[in-house]
Each structure stands twice: as C-alpha cells, then as structure tokens.
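Some structures are shown below for you to check.
One chain, chain A, appears in both complexes that follow, with chain B as partner in the first and chain C in the second.
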Partner chain A sequence: MQTAAKITDDMKVPSKSFWHKMPIIAFMLGIMCILYWVTGFKADPHRAMYGYLFAFICVLSIALGAMFFVIIQHLSRAGWSVVVRRIAEFAMWTMPLFVVLFLPIAFWAPDIFPWSHIETGDVILENKASYLNMNFFMVRSAIYFAIWLLIGWWFYKTSVGQDQGNRQEDTRKLWTLSAPAVILFALSLTFASFDWLMSLQPHWFSTIFGVYFFAGCFLAGMAFITLMLLGLQAAGILTKTVTFEHYQDLGKLMFGFTVFWAYIAFSQFMLYWYANIPEETEFYMHRLQHGWEYVSYAMIFTNFFIPFFFLLSRHVKRNKLGLALFCCWTLLVHFLDLYWIIMPNYGAHGLAEGAHPPHASIHGNDLILLAGMLSLFIAYVSYFVARKNIVPIGDPKLIESLHFENA
Partner chain B sequence: MVSKSIENMPEYVGNTHRGDLVLPEDVVKREELIRGNPTFHDITETVCKMAQTPFSETHIGWRVGFAISLSLAIMFFGLIAYLIWEGIGIWGNASPVFWAWDIVNFVFWVGIGHAGTLISAVLFLFRQKWRTSINRYAEAMTIFAVICALVFPGIHVGRIWVIYWVFPIPNSMEMWPNFRSPLLWDVFAVGTYFTVSLLFWYVGLIPDIATLRDRVKSRAAKIAYGIFALGWRGSMRHWLHYERAYLLLAALSTPLVLSVHSVVSFDFAVAQLPGWHTTIFPPYFVAGAIFSGFAMVQTLVLPARKWLGLKDIVTMKHIENMNKIILVTGSIVGYAYAMEFFIAWYSGNQYESFAFINRAFGPYAWSYWIMVSCNVISPQLFWFKKLRTSIVVSFVISIFVNIGMWFERFVITVTSLNRDFLPSSWHYFSPRIFEPLFLIGSFGLFFTLFLLFVRYLPVIAMAEVKSVLPQANPHEGHHS
Partner chain C sequence: MNQTSTTYGLLAEYDSTHGIFEACQKVRDAGYKKWDACTPFPVHGLEKAMGLPASKLPWMVLGAAITGASLAIIFMVWVSAFDYPLNIGGKPTWSIPAFIPVMFEITILFSALTTVFGMIWLNRLPAWHHPLFQSIRFERVTDDKFFIVIESSDPLFDQKRTQKLLEDTGAIKTEVLEA
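Then we have the complex of A and B:
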C-alpha cells in the first residue's frame, strides 16, 4: 500500500494566473454594484431592505452549505473529499464578511420584520412577544454568528495548520469536535431560518422550516464548491488532483440533495394543503396570488424535475460542461426559492380592508445587489485561493483522496 | 505569488519520506473490517456451519428458542382468529381513542423494518463497506418485521373478509377506495417496500444459496437450495449481471427507505389533530425508523455473533458504527421533539400548545417521559467511546431504544386522541389483556421467522464479506 502522497505542481496557483487578479476584480465589481444599489435605497429604503435581506441570505446560504460540507467530512472520516475540502473551508471562513453585511439588517430590522410593531388586538403576536422582540432578536443573531465564526475559524485554522506537514495528529481533533459542531450548526441554522425568514410572516409557522432552509443551503454550497473547482481547472490548476471521480461524487451528493429538497418542500406543502387550516395555508395562499402563482408552479419544474432528470445520468456527473450547467442552474433556482420565500412579504402587512399586496415582480436593484454581494464573497474566497494552499497537503488522508475511484 | 508553505513542503507527505512526518496509523489506514485474517474458505466454513448441521444435532438453545417463539406465534394466530370471530371490541379502544395498540404496533414494526434496506441500499451507495458484515440479517429482519407490521392493519379493519376493498380492484359496484386517504397510500407504500426488500434480499442471497447447495449432504436440502439458487454457477457473466442488478435495486430501494415511513407519518400528519398535524413528521418518522431499526439489529446481532461464532466477522467496529448511527438518528429524533414543542408554543395556537403540555404533564406523562428518557437521553451515552464499545451497554441501550420507540408511537397516537376538542368526551384509554398478548404474539411470529432464517440460510453475505478481505484487493502487497 502506498503511504506517501505526491505534491504535484497543479496544487499551486501559478504566479501569472488569472486567479491572482480575481480578488481585486471581484471586489471592485462588488463595491460598484453595492454603490449602485445605494441609489435605489435612497429612493425606497423599505423595498430596498427586502432586497438586501434576500441578497444577504442567498450568499450566506452558500457559506453555510460549505460549512456543513466541511463538518460532515470530518464527522464521517471521509477520505475521498480531501482534495476538494479546502475550497469549502475557504467558502466557510468568509463568515466575517457576513457579520459586516448583517449590520444594515440589524439597523433596519424594525422596518423589515413586521412583528416589530404589534397592532393592538393581535393576540398571537402578543403571546409570542417574549420571543419575537427586537432585543432578543439581536441577541440571537449575535449567538448565531458567534457559533458560525467559531466553527468556521477553528476548522479552517486547524486544517490549514496541517499544511506544514507536522500536525497530522490534529485530524483526530477535527474528527472529535465535528460532532458537537454539527449539533451547534443544526440548532443555529434552524433558529436563524425561523428568525430571518419564517418570522417575515409572523403568524405562520412550520416545524420543518429549518430543514427546508438547510436543504437549500447545502445544495448551494455544493454547487459553489463544484463551480470553483471547475473554474480553477479551467485555469490549469488542480487538473491532476481533482478527477472525474471527485466530480461524480459531488454530483451524486447534489443529485441526492435535489431530491431531498423536493421531499421536504413537498412534505410541507402537502400536509398544509391537505389539512387546509387557514392559519397554516396562509403561507401558500399568499404565494398563489398576485403573480406569485407563476413562480410557485414554475418552481416544481425549475427546482425539481429539470435538475432531477438532467443530473440523473452518470455521464452528466462526469462531464464538466454538464456539471457546470447544473451548478449554475442550481444556484439560480436556489436564489429563486429564497426570493419566493422573502419577497411576497413585502407590502403584505398592515393592509387596509380589501387592499391588495403588490404584484410579484423582480427589481433590477435586487439582482444588482445580489451580484454585488456574490462578488464580494468570490473576492474573499479567491483571496484565499491566491494566497493559501488550495489542497490540504498535510491531511493524512490526502493519498486516499488522490487515488480515489468510484467502485 | 506562490504560497510559501508549498515551497517549504517536502515532495512527499508520508511516512516513507522523513522521520518527522510519521502519519498517525489509525488516521491514514482504514481499519481491517474482518479480524483474524481469515481465508475465503474460513468465511464459508464459519457461515455455513449452522445450515449444514443436521437437525438432530441442532443446538439446544436454538430448539428452546424456536419452541417458545413458535408457541407464541401460534397463540398470535389463535388471537387473530378470536379477534375476527368476536370483533375489535375485545380491545380497549373506546371513544375518543379509536386507534391505539393496533396502529402503534404497525408503526413500530414498520419502523424496525427500515434498518435492513438502509444498510443494504443507502450504505452501499455511500460506500460503507462495513455494512457487508451485517446487511444479510438486517435485511432478513426487515422482511420479517414488515410481515409482522402488515398483520395489524390487516386485522384491525374489523370485517377482514372484505380486506380486498383496500385495493383498487374494478368491480361491478363501482366502489373504489378513497385515493385521497393516506391509508390507501400506505397499502401501496408498504406493499412496494416489502416487494422490493424481498427481491433485494433474495438477489443478494443467490450466490450464497448456491454455496450451500454445493455443500449440503442431504438430497432434499440439495434440491431445495438448488431451486432457489436459480442455477447459479459463479461464472463471470453471472457476477456481471448480479452486480448490475444489485446496484439497480439499491438505487430503487433508497427512495423507498424514505417514502415508506413518510407515508406512514402521513397517516397521522394529514389530520387536523394537534399533536399529529405537523410538517416535520415525514423526515422525523424516517429518522425514528432508522433509529429503531438499528437498535433492533443491535439487539439481534449481539447475542447472534456470540452464539454463532461470528465475532471476527461482526467486530467491535461494526457495533461501534451502529451505535454511532443510533446516536445520530436519536439526536435527530430529539431535534424533532424539540421543534414540535417550540413551534407548538410559537404558533400561538392554544390547541397546539395544549396538546404538547398535555403530553408532557397530562395523564399520560409517564409514557412521554419513558419515551424521552429512552429515545433522547439514553443514546447520548454513546458520546463516550468506552460506552459505545461495550457489549453490555450497547445491548441495554438497544433494548431501551426499542422500548422508547414503541412508546413514541403510543404517545403520538393515544395522547393526541384521548383529550380531543370536546372535554366532555375525554377518556383515559387503558388496554385490555388482549393488546399486550397481540404484541407478544407478533414478537413470537418475528422470532419464529428469524430463527428459521438463522438455521437454514447463510446469516452473513459470504460473497460480499470476501470482497472486503485484504486478499480480494488485487493491488494488495504492491508498493508503487
């Protein structure tokens, strides 16, 4: 049995590579988009902040998906994924960026979250005011970020610390601490999804909502990692390290989670549709009117049937173009899913008798801001790519990953 | 700018290059799955021993166990006959608790029937090779558990002579089952699951049955095994088809692992009853089913590996891995309990809140706390390596989980029903003597089938275990 892993040239980013320019280009682009968005913000801050929340959650969900990927690799002692894990570690350790990006949400929270002003006579909201109030909301948000910063920082630091080649024993620590990490991650992600998404419609509730958000996060994270790998390979990096075998496994995971997302979405919808209790169907009623019905029906196809049949075949999972198309599509429809969760709430609260909420629409400004935040995120990740080892070269299971083949 | 640390790295990372780069052995190398370096022949000998023993020499323990199980199974059939003769009234079911032990036992057994297919299909797709030592009897357990499960909806319909009404059979009365009823979906879901699991188990058995056919002495046994071996000769072409069929069945079974218990959860969750109607039910039921299934595998395998001399095939690593799965799924179940409780409060709906407070502090609080301590608290002991690698602790906790998962279904069914929307009709349900007897009888049926399986079929997937031995790897011993 071979016990030594060969460090090859393709594990480095060549000094002339485009990837060295990527951080600055993406950063400039991101700043430009955000500045453009600010002009729209001045015109209608209320609407713009809904777009801000949307863009923030979209990009954050990628980082959280990557974080789960990292934790679960350690938890399951995976060997195959070592060569792709570092990209996920980069994506997860962008968490400081999200702390900064969250500040405007914290500032404008009373404007975004309708439970911040309880109308007299709203017994339901009065009953849960001990949970849905601004102070506790801020404390909880701080706790979520504290957990994610802690997990992101420690798992990143420990993995990078192995690169010098003398900290292999740390793998055992990574294994041990991945177990408590996954519990903290699950609880923080669940309550974050309750606070930042579900409470936008404060009377509505669903026990599965955290799982629903998690399924989307993981899909987005996987799609991003795969796209990064494809992008690096297009620049001649990692060409010998990451093989079709790794791509096929990433594809299998994404395929599985496409089905899992649909399963969770169906469970939530079907059970509420079947029982037909007004306080529960409210969420779907809202999204089957005023133009949102087209989005709702389309999502059955865009988020399930199309990706399902597209990625079913083994050949597509082992085809770079096919996989790239799938990943772009998955990210887009994941963003659509979040848009569909967040945006129908805009202008839907405190309406006068007989008044209608605004018709479904996509604002250019929302998309510009999404592009901006995504660019900042990519700038952050590619900053790591240009400066750090893009493969965990000191990981004792690197050799297993390099020689990995689907049986 | 090239990263500095790469420049400083030696060309090789590994224990062959430099003294200071010794890799931790247990991290780099995957543990051997089978202990004691057996040859292929040793595996065959160990596994086939029981099936090749003549009946007159069968171990006394097996005989006693079989006698007891068979008696209980016969009692079970007697009870069913009495139930059909006398009617559902022999049970304690009374308004408003019209559903009690019958549905509880059904869900309990279906849940147990999840581990087998999960081990054979999902762990196969995840390349978890350790599954080869446990998949065969886990699958057998699945099939027998589903048989026990199917008995209960079959008999609790009351008029069993019209049981065929549950199937959408064209008829002159133009009578159809209600396609919107989850009970009908159950018929399809469990029926499909049973069929595919049986096929999967049987396909896996074929090469091993052929081994037995070639080894047994008696002519009758040769013919019997010969029929089921389907003319297996072990040719390259046979193996090629076999592997392809196995992969396809694994892919088909994987969604079934999720769908069966999801549909079972719909039986409850589509209703408007607080305590039943909540969106997390489908994944939560699936996690609970895997949890209880693994506990039952553990309960069966710990004595079996001792009595059948399989300790080198089913090693501590297998037991530890199963305990880890029990810990994970037990924690997912705990998460679901917590979500139900939190959302019951968060919903601001007084009926939802009442249902859960009634569960934890009402007349059935005792059953709720049995459930929580067995399902959520007891598996947490597996956080400690010392405890999850202890045979005694593993066995005791597996029993706790079995008990806890039965009570989970009891809590869901009975506590939600016994105090419904109309306080004047509230009623404390108590079983009569027949309910426990039915449950014990179903265990009799289960163990009768299981003991027959242990006696006459290879309890370990020999061909698959051989494939994970080091000598099966063609690259073994070659240092490149």
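Then we have the complex of A and C:
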C-alpha cells in the first residue's frame, strides 16, 4: 500500500488568498462592533452587561466545542479526522482571547449575578453563600481558564510540533494525556456553566445543566469547524485533502449531537414538569410567560425537528450547500438557546411582590456585540490559518485519514 | 435452452482483491444485473465497482420509525385521555411530555427491529441451502479466494459468452453451477 502521505494540496494558504486579508478585516469589524456596543453600555450598563455575558458565552462555546473535538480524537485514536483536526486546534487555542474578554465580566460580576447581594431572609441564598460568593467565584473562574489554557496550549503545541517531522512518538503522549484532559475538561465545563449561566437564577438548580451546555458547545464547535473547511475549500484550498467522506462524518457527529441536545433538554424539562415542585419549576415558569413562551415552543422545532429532518439523509451530509446551511442554522439556534437561558433572568431577581420581569425582547446591541466577538474570534482563527500548516502533516495517521472512506 | 433450465449460473474464481475489483467493473459494464461477488472480507469500494444501487433499508427504517412514533402517541392518548382517564398529579389527561419517553422508545424499538429483520430479508435469509454450496472450490470464500457468480436467470446470460467474459476478466477458474 501507500508508504508516504500523498498530499497534492498546498499545506499553507497561498499568499494571494483572501484568507490572508481575513484576520485584519475581521479584527476591524470586531472592534467597530464593540465600539458601537460601548455607546449602548453607557446608556444602560446593567442591561448591556447581560448582552456581554451572552455574546461571551456564545463565542466561548465554539472554542470549547473545538477543544472537546481535539481531545476526543486523541482519546479514541481516531484516524479519519486527522485532516480536519488542525482547524479545531486553531479554534481551541484562541483561549487567550477569552481570558481578555472575561475581564469585563469579572469586573461587573456583582452587577450581573444576583447572588452577589443577598436580601435578608433569603435562606436559600444564605445557605448557598459558602459556594456562591464573589471571592470563590473569581478563584473558580481563574481555575477554569487555567485548565483551558493548559489543555489548549499543550495539545496545540504538541500537534504543531509534529509538523517538523521526526516527532511521531508525540502521538503516544497525546493519546495518554487526552484521558486526564477530558476529565478536567468535563469538570471545568460543567462548573463553568453552573457559575456563569445557572447562577443567574440562584434559587434554581439542575444537575444536568452542565451536560446541556456541553451538548450545545459541541454542536457549535463542529458547525464552526465545518464552516471553516467549507470556506477554505471555497477559496480553492484543501480541495483534494478534505473529501465528502470527512464531511459526511462531521455531519454524522452534528446530527448525533442534535439528537443528544434534544434528549438532554427534554430530560431536564420532563423531570421538573413531572415533579412540579415550585423551586424546580421556577426556571421554566419564567420561560413560559411574558413572551418567552413563544421562544420556548419555537425552540422545539428550530433546535430539534427542523435540523433533525434536514440532516437525516446522507445526501445532505455529502452536499456542501446543504451542510453549510445546516451549520449556519445550528450556530444561530445555538445562540438562540443561550439567549433563552440568559436573558429571561434580566430584571427577574429581587422583584417586589406581584411585579413581573421584563417581557421577551431582543436588543440589537446584544446581536452587534455577538457579531463583534465572533469577528474577533474569526480574526484569531484565520490569523493561524494564514500562517500555519492547515493540516497536521507530521501525524502518523495522516495517510489513513487521506484515504478514509465511509463503509 | 434446455441447459439453462438446469443451470443455476456461472462461478468465477479470483485470487486477489485487485482481481475481483476489476472483474466486477467489467461484469457491471457488460450490463449484467443478476450477479453477485463473494469475498472473505469487505472490499472497500466494491459496491461501486459492482454498480449496486443505494440500499432500500434506510427508507424501510424511516417508515418503521414514523409508524412506531404514531402508534405510540395514538395508543397513549387513547388510553390516558379516552378509554381510562386517570388523574395523575392533577395534570391534564392529554399530557404530551409524559408520552414522549414511551414514544421515543417505541420509535427506537421499531427502527432497530426493522433494521435487523429488514437486513435479513433483503439478504434473502434465512436460506437453508444455496446452489453455490455445490462447489468445493467455493469453500475457500471464507479463507482466501474471491468469487463472482452470474445467475442464469439474467436476461444477458448465455453460457458460452458469459464464460468467455469471465475468463477475459482474469478468472483463474470458472465452473458451471447446477440448479
């Protein structure tokens, strides 16, 4: 059989390609959007910071999804995914950006998170105070970022190091360390979702919440990776390296996780609906009134039935336009899902008896900030794309990946 | 014509995956429809070399899944809301969330059983005997030899011309199978 990897494509983006202009264009766009958001921030900092948290979590979830993809490929010693893995590694090693983007949240945390000032007589929050207090919150957030920086940096550095050749023994190290990495990742992601999302409604708790957030993260990460590959191929790059066989597998993963997301979302809902205990149903009560009920019911279709039936056929998974549409849709409804988790909490805590939280509404400023942070993220990823090898050419399983076919 | 009525078909033997791959392409291009390839292990891309159409199994499974989901929901609504309504935790008798887990399970059950039994049926199993088993050489299909069999019921089948075609594809041995 083949003794050497036959890559006929360029491993680097050609210097005349649009992708070389991408980092600066995306960066400028991102800065412009964020500057526009600042005007809204000046008018209403409290509302604007909710939008900031929303945009931050949306973009972070893409990077975390990509990180999980990289870890799981090493953990399962996968061969098929080698040619698509480098894009995920780029998306994963954007973590320093998120450390910077988190700083405003850390600074404004007492304003965003309602547990920061406990009203007298609130026994539930008084009992939770040993966990939900500002100092411990900051320490935990620092630990999450430390874990993600460490995983991102080491897996990226080791993979890129293999490009120099003669470092094939590193693959064994990647396989070994992916096991502790996936445990650390699972714990940090779960607790981060508890701290940054679930604690917005501090009386409420859900043990499945971390898994729910994780399912969305992975979907967003996979959709982003697939869109990047489609974008590179549209520019004539990687056209012979990444084939329909790889797209079909990416599609299969996304299809599976669409079902997984729905399964987890319904599991969470059904247990609370069945038991019907006030402190547990609080989350859904907020989201089934004041206009949010339309979003909640719509999400059954937008986040499950439509993508499920759309991607059911293998012909769609092997069709670039179909897959691109699916990925854009998946990212949009994932953002809708996070909006639905975060925004109903705005103004809901500490209301006087009989008062109700604000009606469902979409602020243009939230979306502009999301576009801004997404642009910064794309700028960061395309900075790598324009400078590094876009396929791990030193990986010992590269040949297997190039010749991969679905049975 | 007499002969074709007692002949099941022609068997050709090859000793490499490469050999059978090219032979399949030639048989496919000659326009035969009722024929098959037998190999000791799955040969990647052989279904394309043979020109096999996409399997009908996914459509059968989709039908079974829709049937299972509908049956489950209809049955539960009928039982819980019409035939024997019970007050459970003060919830409405038409409580769709409570029905979804059962609906999901029945959908999976119908799909899984249809996949397994549909696959068996499409493979024309169970079959207690097959004319291929007459051939002693064919026993090595589970070991190291590759075979093509063209059935005499194929409209293009003509013993002499088909035998010529199989020999031209590089068969190391051809033999006639009795029905």
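Convention: the second predicted complex is superposed on the first by the 405 of 407 C-alpha atoms of A that agree within 3 Å, B and C clash if a C-alpha of one lies under 4 Å from a C-alpha of the other, contacts with A are read in each partner's own complex, and residues count from 1 in each chain.
Criterion: a contact is a pair of C-beta atoms (placed from the backbone, for glycine too) under 8 Å apart; a residue touches a chain by one contact, two chains touch by 3 or more.
Computed from a predicted structure; not experimentally measured.
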Clash-or-fit label for the pair chain B, chain C on chain A: clash
Touching partner for A:E405 - first (chain B), second (chain C), both, neither: second
First (chain B), second (chain C), both or neither touched by A:G394: first
Chain B versus chain C as contact partner of A:Y272, first or second or both or neither: first
Contacts of A:M11 with chain B and chain C, given as first, second, both or neither: first
Chain A: partner with more touched residues, chain B or chain C: B
Clash with chain C (superposed arrangement) - responsible stretch of chain B out of 237-245, 273-281, 327-335 or 417-425: 237-245
Residues of chain A contacting chain B in one complex and chain C in the other: 270, 274, 407
Sites on chain B touched by chain A in the complex: 1-3, 5-6, 8-17, 20-21, 23-24, 27-30, 125, 127, 255, 258, 262, 266, 269-272, 277-283, 331, 335-336, 339-340, 343, 345-349, 383, 475-476, 479-480
Touching residues on chain C, where the partner in the complex is chain A: 42, 44-45, 58, 62, 89, 91, 97-98, 100-101
Contact footprint of chain C on chain A as seen in their complex: 266, 269-270, 273-274, 276, 312, 314, 405, 407
Chain A to chain B touching residues, read off their complex: 1-7, 11-15, 20, 79, 123-125, 127-128, 131, 163-166, 168-169, 171-172, 179, 183, 186-187, 190, 194, 203, 205-211, 252, 259, 263-264, 267-268, 270-272, 274-275, 277, 279, 386-389, 393-394, 396-400, 407
